[in-house]
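The structure's right below; bear with me while I get my questions together.
In order of appearance the chains are A, B, C, D, E and F, and numbering begins at 1 in each one.
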Amino acid sequence: MVELMKVSDVVAIIEEVAPPHTAMDWDNVGLQVGDADARCHGALVCLEVTPEVADEAARLGANLVVSHHPLIFRPLQAIRTDRPLGALLRRLLEDGTAVYAAHTNLDAAPEIGTAAALADVLGPGEFAPLIEGDEVGMGAVGKLYDALPLGALVGRIRRSLRPARVTVVGRTDRMVETLALMPGAGGDAVGPAAAAGADALVCGDLKHHDALDALAMGLTVIDATHYATERPVVAALVEHLRGHIPEDLSVRASEVNTDPFAGGEQG
Amino acid sequence: MVELMKVSDVVAIIEEVAPPHTAMDWDNVGLQVGDADARCHGALVCLEVTPEVADEAARLGANLVVSHHPLIFRPLQAIRTDRPLGALLRRLLEDGTAVYAAHTNLDAAPEIGTAAALADVLGPGEFAPLIEGDEVGMGAVGKLYDALPLGALVGRIRRSLRPARVTVVGRTDRMVETLALMPGAGGDAVGPAAAAGADALVCGDLKHHDALDALAMGLTVIDATHYATERPVVAALVEHLRGHIPEDLSVRASEVNTDPFAGGEQG
Amino acid sequence: MVELMKVSDVVAIIEEVAPPHTAMDWDNVGLQVGDADARCHGALVCLEVTPEVADEAARLGANLVVSHHPLIFRPLQAIRTDRPLGALLRRLLEDGTAVYAAHTNLDAAPEIGTAAALADVLGPGEFAPLIEGDEVGMGAVGKLYDALPLGALVGRIRRSLRPARVTVVGRTDRMVETLALMPGAGGDAVGPAAAAGADALVCGDLKHHDALDALAMGLTVIDATHYATERPVVAALVEHLRGHIPEDLSVRASEVNTDPFAGGEQG
Amino acid sequence: MVELMKVSDVVAIIEEVAPPHTAMDWDNVGLQVGDADARCHGALVCLEVTPEVADEAARLGANLVVSHHPLIFRPLQAIRTDRPLGALLRRLLEDGTAVYAAHTNLDAAPEIGTAAALADVLGPGEFAPLIEGDEVGMGAVGKLYDALPLGALVGRIRRSLRPARVTVVGRTDRMVETLALMPGAGGDAVGPAAAAGADALVCGDLKHHDALDALAMGLTVIDATHYATERPVVAALVEHLRGHIPEDLSVRASEVNTDPFAGGEQG
Amino acid sequence: MVELMKVSDVVAIIEEVAPPHTAMDWDNVGLQVGDADARCHGALVCLEVTPEVADEAARLGANLVVSHHPLIFRPLQAIRTDRPLGALLRRLLEDGTAVYAAHTNLDAAPEIGTAAALADVLGPGEFAPLIEGDEVGMGAVGKLYDALPLGALVGRIRRSLRPARVTVVGRTDRMVETLALMPGAGGDAVGPAAAAGADALVCGDLKHHDALDALAMGLTVIDATHYATERPVVAALVEHLRGHIPEDLSVRASEVNTDPFAGGEQG
Amino acid sequence: MVELMKVSDVVAIIEEVAPPHTAMDWDNVGLQVGDADARCHGALVCLEVTPEVADEAARLGANLVVSHHPLIFRPLQAIRTDRPLGALLRRLLEDGTAVYAAHTNLDAAPEIGTAAALADVLGPGEFAPLIEGDEVGMGAVGKLYDALPLGALVGRIRRSLRPARVTVVGRTDRMVETLALMPGAGGDAVGPAAAAGADALVCGDLKHHDALDALAMGLTVIDATHYATERPVVAALVEHLRGHIPEDLSVRASEVNTDPFAGGEQG
C-alpha cells in the first residue's frame, strides 16, 4: 500500500519554486493552520480562503488548502469566534483542514509566479521583473512579439481572464508594444512601468491618485481586477503540484469565485 | 479704492475652519507654491491641481488655487522639469499662481469638511465621526431620518454625485437605516463602519481585500469613486470663502473634471 | 427561568476593576479565545492555561477560563497543531471554552491585583506602588505594623504560600520593617526596592545579575517563585467574581498546580 | 632585565580568540577601566568584578582584572560614589587596577568560550552552536558519546560544577543522548534546544515562563545556576593566557565565589 | 558648631531654578561625579571642567564644581585613563571633587539662565524666548529700550564680554531695534531670529551654512564666541548660590579661561 | 554642425568620478533643478548657488550650474517665493538654468574630491582617507615630504587659499610632519586626526567643543574657513570637465565669492 505524502512534503514542493525567504518583510507566509506532520488526503488551490472554500475542501476531502493570500495576514492577538476570521479558523481546525499560504514569494517566483502566469496568458513571451528586488523581482515587463492596438489587448483580457470589471485610464488609441504586468494591487507599478517605457500596464485595485499619476506620465493602465489578474496562478500552481505529486493524491483548483466585485452591481 | 486681500488673508479664512495642526502627521498641507504676501486677484477651488486647472486659473485671472489634494505630497528632492510635477511647478511659478492645499485638515473640518459636505448631499442629517481622532475625527456615521432601500440610495448617489462608476459589494436587498460615509479612499473605513452598526458605507477606491472584509462582516459598500465622493467639498469651500471675502474678489469652483476614471472605458 | 450571563458580562465585571487600558504596551490582554456573546456556563480562574486546566474546565462544565498569564502572548502568525500552543488552541476551540486574560492590568489593580493579594497574605497592611506608572503602579512597598526578623518572614512565606522553593539572597540576620513585594518576575524591582528603603523584597524569578545588584545595594531578596507569589490573586479574583455574579453561575479556582518547578528536583 | 607586557598586549592575546566584533550589539566589551599602555604586573580572571575581587587583585598585585561580565554594562551617565558601582570604579581607579571584559564575544569563542568550556566538563565532545549567528553562534548542542540517564547527568553536574542549587524541570526518567548547553541565562535556549531534538538542556537563570514552555515541548531543563555553568570558562581563559604570556607574569583565577545564591538560604 | 551643607543641598538650590526635567532629551545633566551625601567645603562655578579647573578647585578647597557644560556628555562605555576624559575623571575621583552639570536646563532657566544673563549685560531689558519649548524656551528676543547702530552694539559686546574674536555677517550699516540672543552655539537661531523680526542676533559658533542663511534672510549675526556669550551665566549662578547658602561656605567663579580660541592665533 | 551635449551628458561625466551612491545617506545630490534632456549651452561651477551666481550664469549664458553644496538640501514641502530659497528657485526655473549638486560624493572622490584638491595645494602629496567609509572615505591624512614649522604652514594657507579668517587652536611652536585635512565643516575630524597621529588638522567651521577636544588631545587645528578650504575643488572640477567636453562648450569657475565671512567684520 502506498504511503501518503505528509502536508510538509507538499509544502516542500511549493517552497522549492517559491522559497519563503523571498517573501516581503511585511508578509506572512507558510503553514498557517494545521499539522505539518499529518498525511495529506488532497490539496485544494485558491487565491483566498473563505467559508465557501472551506466547504469545498470538506466536500472534496482535501485536508490542505493552498492559498495565495494569507488567511492570517496580521498576526492574531485573539481568536474571537464571534468574528468572521475567528469563526473560519475554528471551522478549519475542527475539520482538520490545514492552510498554507504562498504570497509575495509566489508573486516573485520566476516560472510559476503570478506575474509569470499572467504573462503566459496575455504576453509578453519574454520579460524582466518590473520592480527589481534583492534576489527576486515583482511584476513583469517586456516587448510583445507583435504590437497590437490597445482595444485588442482589452478584448484579449476580457476573453481570457473574464474579469468582473475592466477600467481603462489614459489614451486608448495607441499601439501596445511594451507591456507591463502587475497582478493584484498594482498602484506602485505605475512609476516603474512608465520608467520602463511601457505603453500599457495591466493591474488590479487601481486607485485615484495612481491613476492621476499614470495620466500625467502618459501611461495607459488597464485595471482588470485584483482577482482576475491573479487567478492564472492557481492553474499554474495546480499543474506544478500535479507534476511533482503521486497521481493518487488529488490536487484541485478551487471553483469558488472569491472576487468580491463579481456579484455586485457595476458601472 | 479698495485694497485687495493678500493670499495669506484668504488662507487665514480657510484655516479658521480647517486648522493645519489637525492634519495627519504624514500629510503636507498649507501654502505650497507662491507668495503669501501677494495680492489675491481671484481664487479657484478644486480637488486636484492638474495642467488643465492651471490653464483655467490663468484664463480666469485667479492667482490662487485652493486644492484639496496636495500638489506637493512627498517632499521634493528636486524640481525636474523633464517630469510632470516639475513641469507643472515651473508653469505655476511662471504664471505667478499660488497653490494652497487643505487635505486631511479639510476632511476633518466639522462643518465644511469632505464628510460633512457629502452628508449634506446624501444624508445622514446628523452624524458623528466614523473614526475618532485626538481633536477631530474622520468620516461620518449616523441614522437617516427615513430608512430607504439600498437601490434607492444608489439611485440618489448616481443623480446627485454623477460618479463615473458605481460598484456595490455585498447585499443589495436591504434597507439602509444607518449610513457611513468616508469620501475618498475608504478602505480603512470598513471595520469602523461595521463596528458602528452601519448598513452601508459610501466611499471611494475600494480595494479587493477591504471588499472581502466587508463581505465577511455583512456590510454593504458602495464605491462611488474617490473623485465624486469628495467633489461636494469644493462647493462647500467656495460658499464658505464667498461668505467671508469681499464681493469684488472672485471665488470659483473649478470646472475641470479631474477624475482619472471619467474619460476611460468602464465596466 | 433565569437567563445566563454572557461571556462578555463576566468580562465586564473583571474589567471594571482591572481596565485593559492600564495594561503595559507590550502586553496582550482581553478575550483571547472564543465567543463574547456565548452564554457563560461557569468560570474557572487560574494563573496559566495548560492542557490540564483545559481538562479541568471541561470536567467542570466551565466554558470560560480566566487566566492571569495570556495564553496568546506574542501575536500568532500561525496555528500549528503540531506544536503545543496550536494543539491547545484547537482543543479549546473544539470544546467551546473561551479564554480571557487579565495580566499587567490585573497586576496593577489597586484592590484586587497580584500585589494587593500578596500583601493581604504577607503584609504590609498599607502600601504604595513600588514602581509608579502613569495611571496605576506595579508592586507594593510599605511599613509592616510590627517589624519582624527576616527568618520569621521566610517562615510566614513557607506556611502561607507553600512555594516549591525559597531562595534568600543577602543578609538574613536583619529585622524587616519596610517590605517590598513584586509578585512574578521581580528583577526590575531590585533598584526601586532599594531606593524606597526596603529591608526585604519578596519576588519570583530572581536572576543572577539582579541578585548581584541586590547584594551590592544591601537589600535582602526572597525569591518565593513566580507561581507562589502570584497565586493569591486567583482567590482574590474568584471572590470578586462571586460577589458580582448570580449564585447559580459557578466560579471556581483551578486546582491544577501550574508551577513548573513544583514537580522537579530541587536544591 | 625583561620588559613587562603592557595591558594592551594581554588584551590582544584574548581578542585573538574572542574578537570584540563578534559580541552582540547590545553588549559592551573591551578595556573598561584603566590605562592600555600601563605595564601589566599580573592578571586576575573572574566572572564578575565585585569589591571582593578588587581586594583580591590588590592583594595579589594584579593590576589587570579580566572579567566575563562587563563591569560597565549600560553606559554611565554619572560616576556616583554614593552608589555601589561608582564606589567600586573609584576604588579601581585609585588602585590603578584595569578592568577588561570579554562577554558575548567570549561566549561565542569556538574553543575557549563559555559553551566550549562547559562542554569540556559535561560533554558533548563534539557539538554545533545551539543558536546560529552571523559569524559565530551561541551555546552548544551535540550527541554524547554514551547516552546516560538524566539522574547520572545531574550527578555529574553536582560533582564537577558544585552549583549552589540545581533545579530540574520536566521528565527525569529519561536517557540523555542529545545534550544542549547554554551557560548563563538560558531561557532563550528552550525553543532552539527542543527544535534541535535535545533531550536535556543545561543552563542557568531559568524563568517560570521558559520552564512552562519546556514542559509543553517535552524538554527536560537542568538549571545549574548562572554562576556554576559559566565558571569553567575562567580556568579555560587562565590556561589560554598562561600559554601565551611569559612565565614571570602571574595569571590567576579568582578564588572569590561571586555566586549571589551561594551564601543564601536555599530549598 | 555649624553643620556644613551636603553636596545634595547645594544641588537642590540650583535645581529649584533650573529643574533637570526642563533639559533637552539629548542632554545629560545632574550630579556627574562624586558623592551626593558628602559635606560641601566650597563650590566653584565654571563653564567647562578642564584639568586647570580641577587644579583650581583643589587649590581653593572646593569639593564641588558646578559646570555649565556636562563633563560626561555622551554616556561612558569605559573610563580609559590613557585618554583625556578618563584621566580627568580619575583625578577628580582621587581628589574627592564632585561635579554637577546644569546645561540646557540652565539655558532655559527664566531668571538666571544663559540667555537671561547675557540680556542683563547687552539688553534687551524685556524679552521672550527665541525658541518656544514645552515648558521653557531657549534664547531671547525683545526690543531694546533705545535702538542703537550695529557698530555701537559691537562695541558694547567687545567692552562687556571681552570675546577672543568677533565676527559680523550681514549688513553693518543698520540700526538695531529688535535684538535676538542665543548664547553658545547659535546656528539654529538664525531662522527663528529672522522670523521674529530681529535686526541682529548675537550668538557663538556660527557656521558657514547658517551664515549663508542669515545673509539670504537679511539678518545681521554677531558671533562673539561660544565662551564669551555664555560666560555671564557664571556670575549669575554664583550670585544666586551666595544668596541661598550660609556665608561660611565659599562659592567662587572660576578664573580659568576655558575659551579654546583665546590663546590661539586669530584673524 | 555640431550637436550640443545634453545636461545629462555633462552630469554623466561628473558622476563617473563622483558616483551618487557614494554620497552620505543624509545627503541630497544629483540634478536638483531643470531638464536633464535640455541642450547644455555652458556650465558654471561653484560651491554654493546664490542669487549672484544665478546672475553670473545668466550673464555667461551658462544654463547648467554645478554646485558643491546642494541647493535643495532638506526636501522641500513648499516653494514659497516670499522666502529666499523659493525666490531663487523661481528665478532659476524662469531662466531655464539647471542646477546639479555633487556634495559628499564629490568630497569622497579619490582624485578630484575636496580633500584631494586641498591636498594638491597644501600637501601631503600622498595620503589616505582620514575617516574610512564603506566604499570611499572622507578627508585626508599623510606625511608631508618635508616637515615644516606650523607657522610656515599657516603662511602657506594664507597665501594659497586667501581665507577671510584663520584661527589656530593648540600649540603653535611645533613642527608639522603628519598633516590631516578635512575641508568644510571639520569638527568630526578632530578625534580621527588625533588617532591618526596628525600634528595638525586643517578644516573649517571649528566649534568650541571640538576645539576643546583638540586641546585635550594635543592636536593643533587650523580653521581656514569652510569656503576657502573647499574652494580648490572648483578648479579641479572645471579642469576635469574641460578635459572631457568638446571645446565649444564653455565651462567656467564662478567668480562670485560666496564666503559669508568674507565681507563682514573680523577679529
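One rule holds for everything that comes next: a contact is a pair of C-beta atoms (placed from the backbone, for glycine too) under 8 Å apart; a residue touches a chain by one contact, two chains touch by 3 or more.
If you're wondering where the values come from, they're calculated on a predicted model, not measured in any experiment.
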Chains in simultaneous contact with chain E and chain F: none
Any chain in contact with chain B as well as chain C: A
Chain pair with the higher count of C-beta pairs in contact (D-E, A-B): A-B
Length of the line joining the C-alpha centres of chain A and chain D, rounded to whole Å: 51
Mean-CA-position distance for chain B and chain A (Å): 33
Separation of mean Cα positions, chain E and chain D [Å, integer]: 46
For chain A, residues that touch 2 or more chains besides their own: none
Chains listed in ring sequence, where chain C comes first and chain D follows it: C, D, E, F, B, A
Contact footprint of chain B on chain A as seen in their complex: 48, 50, 69, 84-85, 154, 165-170, 172, 184-185, 204-205, 207-209, 211-212, 214-217, 225-227, 258-261, 263-267
Chain B-facing residues of chain F, complex: 28, 30-38, 72, 74-82, 89-90, 93-94
